[in-house]
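Alright, structures below, take your time with them.
Two complexes follow with subunit A in common, the first pairing it with subunit B and the second with subunit C.
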Partner chain A sequence: MLVIGLIVYPISRAVWLSFTDKLVGYPERFVGLRNYLYLIDDDGFHAVVRNSLVFTVSSVALKIATGLAMALVLHATWRWRNFFRGLMLLPWITSTVIIALTWRWMFDAFPGRGFFNSVLLDAGLLSRPIAFMATPAGAMTAVVVANWWRGFPFFGVSYLAGMQAIPAELYEAAAVDGAPPWRRFWHVTLPGLKHVIIVTTLLTFIFTLNDFNIVYVMTRGGPGTATQVFATYSYEVAFNQLRWGRGVTISIFAVPLLAAAIALVSRYLLRDRTA
Partner chain B sequence: MSWRIASVGGLVTFALIVLVPFWWITSMSFKTYEQIQFATSIYVPKPFTWENYTGLWLDTRFPLWLRNSAITAVVVTAITTVIASLSGYAVARIRFPGRELVASLILVVYLVPPALLFIPLYRVLAELGTTNSLMSLFLSYPTFTVPFCTWLLIGFFKALPTELEEAALVDGATRIQALVRVLLPLAAPGIVASAIFAFTLSWNEFLYALVFIQDERTLTVPVGLNLLIYGDVFHWGQLMAASVITTVPVVALYMFIHRWMVEGLAAGAVKG
Partner chain C sequence: MRDARLTRRNFLAGAVGASAAFALPGVAAPAVKKGTSLRLWILKTYVEPTNKAIEAAAQRWAQKHGAAVTVEYFTFEDVQTKYVAAIENKNTPDIGQLETGAPARFAGMGQLLDLTSFARQVEGEVGRPPANVAPVTVIGGTTYAIPWYIMPAFWYVWRDVFEKNNVKLPSTFDEAKAAAAALNRPKDNFYGMGQSWNRTADGYGVMQSLMYSHGVGWATKDGKYQSIRTPKMQQVMKWATDIYKEGLQPADTLTWTGSGNNENFIAKNIAQTSNGPSITFAMENAVAKATDAKDRKAREEALANHLALPHPAGPDGRRMWAIAMSFGIFKTAKDPEAAMSLVAHLLSPEETVRVMNDSYGQFTPVLDKARAASKDYFSKNENYRTFGRAAEWFSATGWPGPVTAAAAEVQASNVLTDAPAKVIVDKWSNEQAVDWADKKIKEIYDTIGR
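After this line comes the complex of A and B, so read on.
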């Protein structure tokens, strides 16, 4: 109850703050919807919304595809399956800050520090190093890759658990009917995993849309505003520009989308529990 | 046969995807500043040096940050384990009005992302006068560890047979005795798994620590590392060494109990 209090009270404070022009050091003044109207017209904020969606949708799509591949590979492995499952979960338990630092170096412009530049130069595919993190597209790719690397093992392990729960008779029946492997995958495996896929996608959507750590550590939202997302922009406005009212309003803009995702995923998870 | 080759190939590919970044930072942590700067001995450190580790230990505040992180993670894990076991038990086993509602609230609270809460939480903690101390982390981390662990443990408690507990009650045990003597030992794997989740979540947390703490001596490791990269001099090797040192305890802990964690995850969070 105490914990719920520690959450509910801040949320109501957040909503109240979003209607004020609170600057640090000054008392709050009620300004109605002015923060909301300002942001709706703000080009910087439009970029933030676009970046957040690109970041979230591409990470989630990559995670689903790789997670499925990983689960299929593990499912086909008999010996050492537990060992490899444990190995592949390593990114998921590593600190996000360290993952972000690591990938910053992997994409670094200098050979010797940057893995990709070192390898590509050595292989003779490049004549000069590429400054990945200095271009908007490169920086976005880097943050998506880091986020994907962190998240896909969780998808893979969840899908593996889902695949193991599909009764073997279904595959046998399909094989007897002469269905080739890809049709068995399409008509037996995927429908069997539908539930797990929906739940993992929604969960990751919620946390990726509000991801702070990876973007902040890797790019600080740059170059320019190329990778600025909801959480980093909100931090920037609240703690660097000291405009708390507006900072809070930025995160509140994501709430309708979040609330929908949260409502959906809790319905799924609660139904599991009572069933 | 071709399936066999494809699956082994896939396994190797995934193992490489996971291991290459770890190998890259580990290898760098054993190189000198010059080796990194001038891209000599790129893939394997030659000669191999411990200077980054000793430098990190002696010239930076890293040991202090490590201590802060450890204290925070231990305190938060203890708070979380006690609250989450009791509330998980209450929701799973005691019939009281509105318990379905409480279960869904716990889930919803867990799903609210920290990025939405850090500004108002900062104000609350400032009013309590706890910002800039580890106390602010002891108070704020349970806002995400407790709902998550409670949710996991509700699943565990529900899965235990009720007969055992009823037998203890019939034999004249009180509810507390039945919980402590009968249920808790049975739920031990779940409780250990949830404690490890709580530990890992606090050990790795970044946003709250970044926002709530300014004093360099009170920082936790993730925020301290972030400070090092934007410092005046780039101590690449030291940063990598710090990353390695920070990752090792969690990986070791996890290697030891990973089957429990995976099962806990499957039982509590994903499959229900």
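After this line comes the complex of A and C, so read on.
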């Protein structure tokens, strides 16, 4: 009952607020679908949906690729393996705000401070600093990179655990049949990791779509509205404009997308299990 | 919008308002109950000595009355979040420092006590604020907060750079832009200006100064919406976007946060920027922290060369948007009488001057007697003389009308700075951006006055 209460009450309250014109300090009034219709017509919100998808899909794709690479490297037998297993977890255990600030500094165009600019200027490859975060594409790249860096160890560790659960006999049998390493990866490792990949992707998709800290600290949604995503836009509308009803609606908009993803994956997993 | 009935609390507030005002100097003050405990929320700025001075002033009152004051800080970053959370959780402080738009917003929500009678008493003892500052705290004829100081913005320039290049110090926005063009040396990573249209007061504040100085306001004198789709607003948008299009600023200017212009100015990457006196604070502090004689000389030269000019004027005059800080007392205050006594203590010229002396010029008192007492402080040098005149140019959010909840939301929605950003980043035309901003502003006025 407690668990149901903890889940059902906040969600139902949020859904209710999305049907009201709740302003901070005022009682809410039911307005039906007005908030939803407003957002459907709001060009700012259209950009938010686009930005959120670009941010989420790019980050998750990068995490999957690098997580797999990390797991493969750490799965192999070599001398400093345990040390590097610990080291690779560093981004995951570091505070998100610290990560965001660090990456902001790294992309900074302030002379003598931004890491990338300093390296490129010192190497003589640039004569003037590049303002990485001044363009929509550059700013989006910066927040995606920071989010990827923070999140890929989770994938790596999960995949590593998955790889360790794959029976060694399968690899031996494949080797006896003359399968080269990439075929073993394709036909043994990847199918063995299928469930782990699906679950980690789904979980991270949800976390990333709801991510606030990195974007807020690094760009505040700028330049202009180029990196404004669901969470930052929802915050701005709810806390700066004091329009709670509309702010909540922005977050609720992402729910059907997430619910569909969860339903699809659950169905897939259940089908696999019953087959 | 507000409940017009005379509630018990309102009645009580009116009554205690009159009595608590007697806590002001020279008047027989009613005793504050021993053991009274108050929560005071104040703004934490970059200038740490100011924060400490306000806290110390509050503690002096507590000591005098055998009471307790818990000082809690908010910053520009979290001011909205903290107040919103407190209001929705019915956990507001007894007394809160309020920024420019807050009295109108919070009064509209019915959160603040009516301080009209208390304000009259304060006026009798400490004087009144200038006519351009007063409307920040008077909403619909009722006073909901007492103004204390304004935290202004000035036009910082490097005097030596201007002199070396024989460029006239700017007094208008057009002159500032012309000077930027004359001083711009991108090849040396030195730019003529650094003005970001970001989501901080350095962005929306300057945009308002630019608009008001060109005679553009989105509200009428009585606070109603009026269209900004005018030739004057086109002029404003042209200035705001040309400084980017013409390469007069570092390429990352739009991405600066609140400290970006401070850092770039102090590092001498830009010739001019709009900012509060926190730049002066940093430069005075830098001298104190010099490591050797050579370093000290360099820092002293830099301090002497940094010049705070009055904010540029436009074709319609010189109007500077600034943060006007006031004290409001929340209806949830457990002891409104004690709260007013504390506010009266903080507003006294003696305490005001003490805080101001630790403010490095960013605290410009607005009440008559405090202003008179601050004359010496503001005659320290050329920069301070300019700081001392800040109230003359002050224009509040929603000029030429009063500060209203709708006007405050226009500022908070970032529409004013998103409009030029749409031209600079998304390559919209100036006309498109003005039309877009006008539509958003109208929508705010259509929906906020419920």
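As a working rule, the second predicted complex is superposed on the first by the 251 of 275 C-alpha atoms of A that agree within 3 Å, B and C clash if a C-alpha of one lies under 4 Å from a C-alpha of the other, contacts with A are read in each partner's own complex, and residues count from 1 in each chain.
Everything below uses one rule, namely that contacts are C-beta pairs under 8 Å (C-beta built on N, C-alpha and C of every residue); 3 or more make two chains touch, one makes a residue touch a chain.
Predicted model, so just to flag it, every value in this text is computed and none were measured.
J.: When the two structures are overlaid on chain A, which partner does A:Phe45 contact: first (subunit B), second (subunit C), both, or neither?
T.: neither
J.: Once chain A of both complexes is superposed, is A:Gly86 in touch with subunit B (first), subunit C (second), both, or neither?
T.: first
J.: Using the touch definition from the top, say if A:Leu72 reaches subunit B (first), subunit C (second), both or neither.
T.: Only subunit B is touched by A:Leu72; subunit C is not.
J.: Of the two partner chains, subunit B (first) and subunit C (second), which one does A:Phe253 touch, if any: first, second, both, or neither?
T.: The answer is neither, since A:Phe253 touches no partner chain.
J.: Determine, for the superposed model, which of the two partners subunit B and subunit C contacts more residues of subunit A.
T.: With both complexes superposed on chain A, more residues of subunit A are touched by B.
J.: With the two structures laid over each other on chain A, which partner does A:Phe55 touch: subunit B (first), subunit C (second), both, or neither?
T.: Neither partner.
J.: So, A:Phe205: does it touch subunit B (first), subunit C (second), both, or neither?
T.: In the superposed model, A:Phe205 contacts neither subunit B nor subunit C.
J.: One more residue to check, A:Phe110. First (subunit B), second (subunit C), both or neither?
T.: A:Phe110 contacts both subunit B and subunit C.
J.: Name the contact category of A:Tyr233: first (subunit B only), second (subunit C only), both, or neither.
T.: neither
J.: Figure out whether A:Phe19 sits in contact with subunit B (first) or subunit C (second), or with both, or with neither.
T.: Neither partner.
J.: Both subunit B and subunit C contact which residues of subunit A?
T.: Shared contact residues on subunit A (touching subunit B in one complex, subunit C in the other): 110-111, 238-239, 244.
J.: For a test of understanding, state which residues of subunit A touch subunit B in their complex under the given definition.
T.: The touching residues are 3-4, 6-7, 9-11, 13-14, 17, 69-70, 72-74, 76-77, 82, 84-91, 93-99, 101-106, 110-113, 115, 118, 122, 149, 153, 157-158, 161, 165, 196, 199-200, 203, 206-207, 209-213, 216-217, 230-231, 234-235, 238-239, 244, 247-248, 251-252, 254-255, 258, 262, 265-266, 269-270, 272-275.
J.: Once bound in the complex, which stretches of subunit B touch subunit A?
T.: 3, 7, 10-11, 14-15, 17-22, 24-25, 28, 35-40, 42-43, 83, 100, 103-109, 111-121, 123-124, 139-140, 142-143, 146-147, 154-155, 158, 200, 203-204, 206-207, 211, 221-223, 225-226, 229, 236, 239-240, 243, 246-247, 250-251, 254-255, 258-259, 262, 265-266, 270-272
J.: So in the complex, which bits of subunit C are touching subunit A?
T.: Of all residues in subunit C, those touching subunit A are 80-81, 84, 87-88, 105-106, 108-111, 186-187, 189, 198-199, 250-255, 257, 263-264, 267, 269, 409, 412-414, 418, 421-422, 424-426, 436, 447-448, 450.
J.: Looking at the complex, which residues from subunit A come into contact with subunit C?
T.: Those residues of subunit A that touch subunit C are 21, 23-26, 43, 108-111, 127-136, 139, 219-226, 236, 238-242, 244.
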